[in-house]
Amino acid sequence: MTNQIFSRFTTQHKVRPDDIDMFNHVHSSKYLDYVLAARYEQMDVNYGMAMEDFLKMGYGWVVKTAKVNFKRPLTLSDFFLVTTGLTEIHKYGCRILFEITNPKTNKTSADGYFEFVMICLKTGKAEALTPPIIEKYSI
Amino acid sequence: MTNQIFSRFTTQHKVRPDDIDMFNHVHSSKYLDYVLAARYEQMDVNYGMAMEDFLKMGYGWVVKTAKVNFKRPLTLSDFFLVTTGLTEIHKYGCRILFEITNPKTNKTSADGYFEFVMICLKTGKAEALTPPIIEKYSI
Amino acid sequence: MTNQIFSRFTTQHKVRPDDIDMFNHVHSSKYLDYVLAARYEQMDVNYGMAMEDFLKMGYGWVVKTAKVNFKRPLTLSDFFLVTTGLTEIHKYGCRILFEITNPKTNKTSADGYFEFVMICLKTGKAEALTPPIIEKYSI
Amino acid sequence: MTNQIFSRFTTQHKVRPDDIDMFNHVHSSKYLDYVLAARYEQMDVNYGMAMEDFLKMGYGWVVKTAKVNFKRPLTLSDFFLVTTGLTEIHKYGCRILFEITNPKTNKTSADGYFEFVMICLKTGKAEALTPPIIEKYSI
């Protein structure tokens, strides 16, 4: 495990109408999809190694653990900012902290963390991160 | 195109809480997913050639056209019946009629049709149905 | 029914990872959600009467019919343009044409139409469009 | 907080095709929806006070915290069992433990917990559980 301080990156997205549930706010499980969407964008734009690059190398990334604290609901047409950053790089994956904020109020909508594991697409099993991957992601 | 009369099959499912939208009924696009779920079950149980069998043979099925008439909304916890049946088998696919009914009222919730095309998973292109497939699905 | 020529508006969005299905392209029912998301934005930005304004007046909009022609699949991380325009305004609703194009290729990904009906949120029944609504939407 | 031992209940559901993602297994955020669907059923069948009963009383339930450990992926057409049980009843809500198992292998697919808070639908704020609610749910 590296003990480095890692960078944080922020992406802005917008709530889609199909994300709204019977309580007229964003459905709880959609926050996980929001983090994923932001992360995929940041892998491409900020780390320079997109999910598509991993797929071409025969790798995928799957969620091992997710913890989400729901603080203030997002609602129809809201924009939101997703800030994520690595906190640990392990042999087979990494831990990512996230915070979703509402730019209208500057308050936290949700926060938490994800543990991701890199897998080999052929076997479906965990695969050790290679040095080039670790280098690209240790910023 | 065969001109045969084909069988119809009915599957019962239940609305999930995450299917409900801001108008407190099932979100419009979920009806397409309901037809798909019923169809996959019927491919397995009624035709004896499941989607998994197609995948193993290197084939997939994609939607070419969908027409849905929304008649009476389904709501939280509703059970619903999905009846589907082939109306045509083409060289590369088939047309399926569907009707979703609410067993509580026996009234139509939605109906319409789907045009499906079989694809080769490697090329992503349309693939001609083989005689064994046509035979299995011409019931 | 008015016989006027109506304006068309275009909105750009991006595929989210949770939109991708087992065939590694955008899941068929998500295209309906894409049209809805674009339309909600255009109601706000281009017509000046957002869905939120309708909700405050006690009205909602539901889909009566949807027809979608799937032409070229969108895939992970694709941007897409959704162009929509009214073709008819009825007593209780309207018909909207849409086209989703991929800006990378300038080719059509999907097209079709939606029939929408305005409902009273209290009764859930169709409600006649008021003159101010017709005026705002007859551009 | 009560210190009682609470009952556990199990519900069986089936993976829908629209739950499958680009890695050919159930998309991570869908497991939260699976727990929710099971819980709604158990509220009705096992506790005798369904979500619809809460809605009629002017109450809703929202997720405050979710923790999910993803252990073995579910795939297309899999059946799964969702076992849930209360571990604590608080003034404004409760904590629920869950385990999703695959009946084919009898192994855990995912487990974790949810913290739920009861809200007043009018204000959107947390509302203290009433004695009849506590009684119904203290089994």
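Chains here go by letter, A, B, C and D, matching the order in which they are written, and residues are numbered from 1 within each.
As a convention for this text, a contact is a pair of C-beta atoms (placed from the backbone, for glycine too) under 8 Å apart; a residue touches a chain by one contact, two chains touch by 3 or more.
Since the structure is predicted, the reported quantities are computational estimates derived from the model, not experimental observations.
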| item | value |
| --- | --- |
| Chain located farthest away, centre of chain A as origin (C-alpha) | B |
| Chain pair with more C-beta contacts, A-D versus C-D | A-D |
| Distance from the mean Cα position of chain C to that of chain A, given in whole angstrom | 29 |
| Distance from chain D to chain C - Cα centre to Cα centre, in angstrom | 33 |
| Length of the line joining the C-alpha centres of chain A and chain D, rounded to whole Å | 24 |
| Per-residue overlap in chain A, given as positions that touch at least 2 other chains | 17-18, 22, 29, 33, 36, 76 |
| Chain C partner contacts - residues on chain D that touch it in the complex | 17-18, 20-22, 24, 27, 29, 76 |
| Chain A residues within the chain C interface of the complex | 16-18, 33, 36-37, 40-41, 44, 50-52, 76-77 |
| Chain D partner contacts - residues on chain A that touch it in the complex | 22-23, 28-30, 32-33, 36, 60, 62-70, 73, 119, 121, 124 |
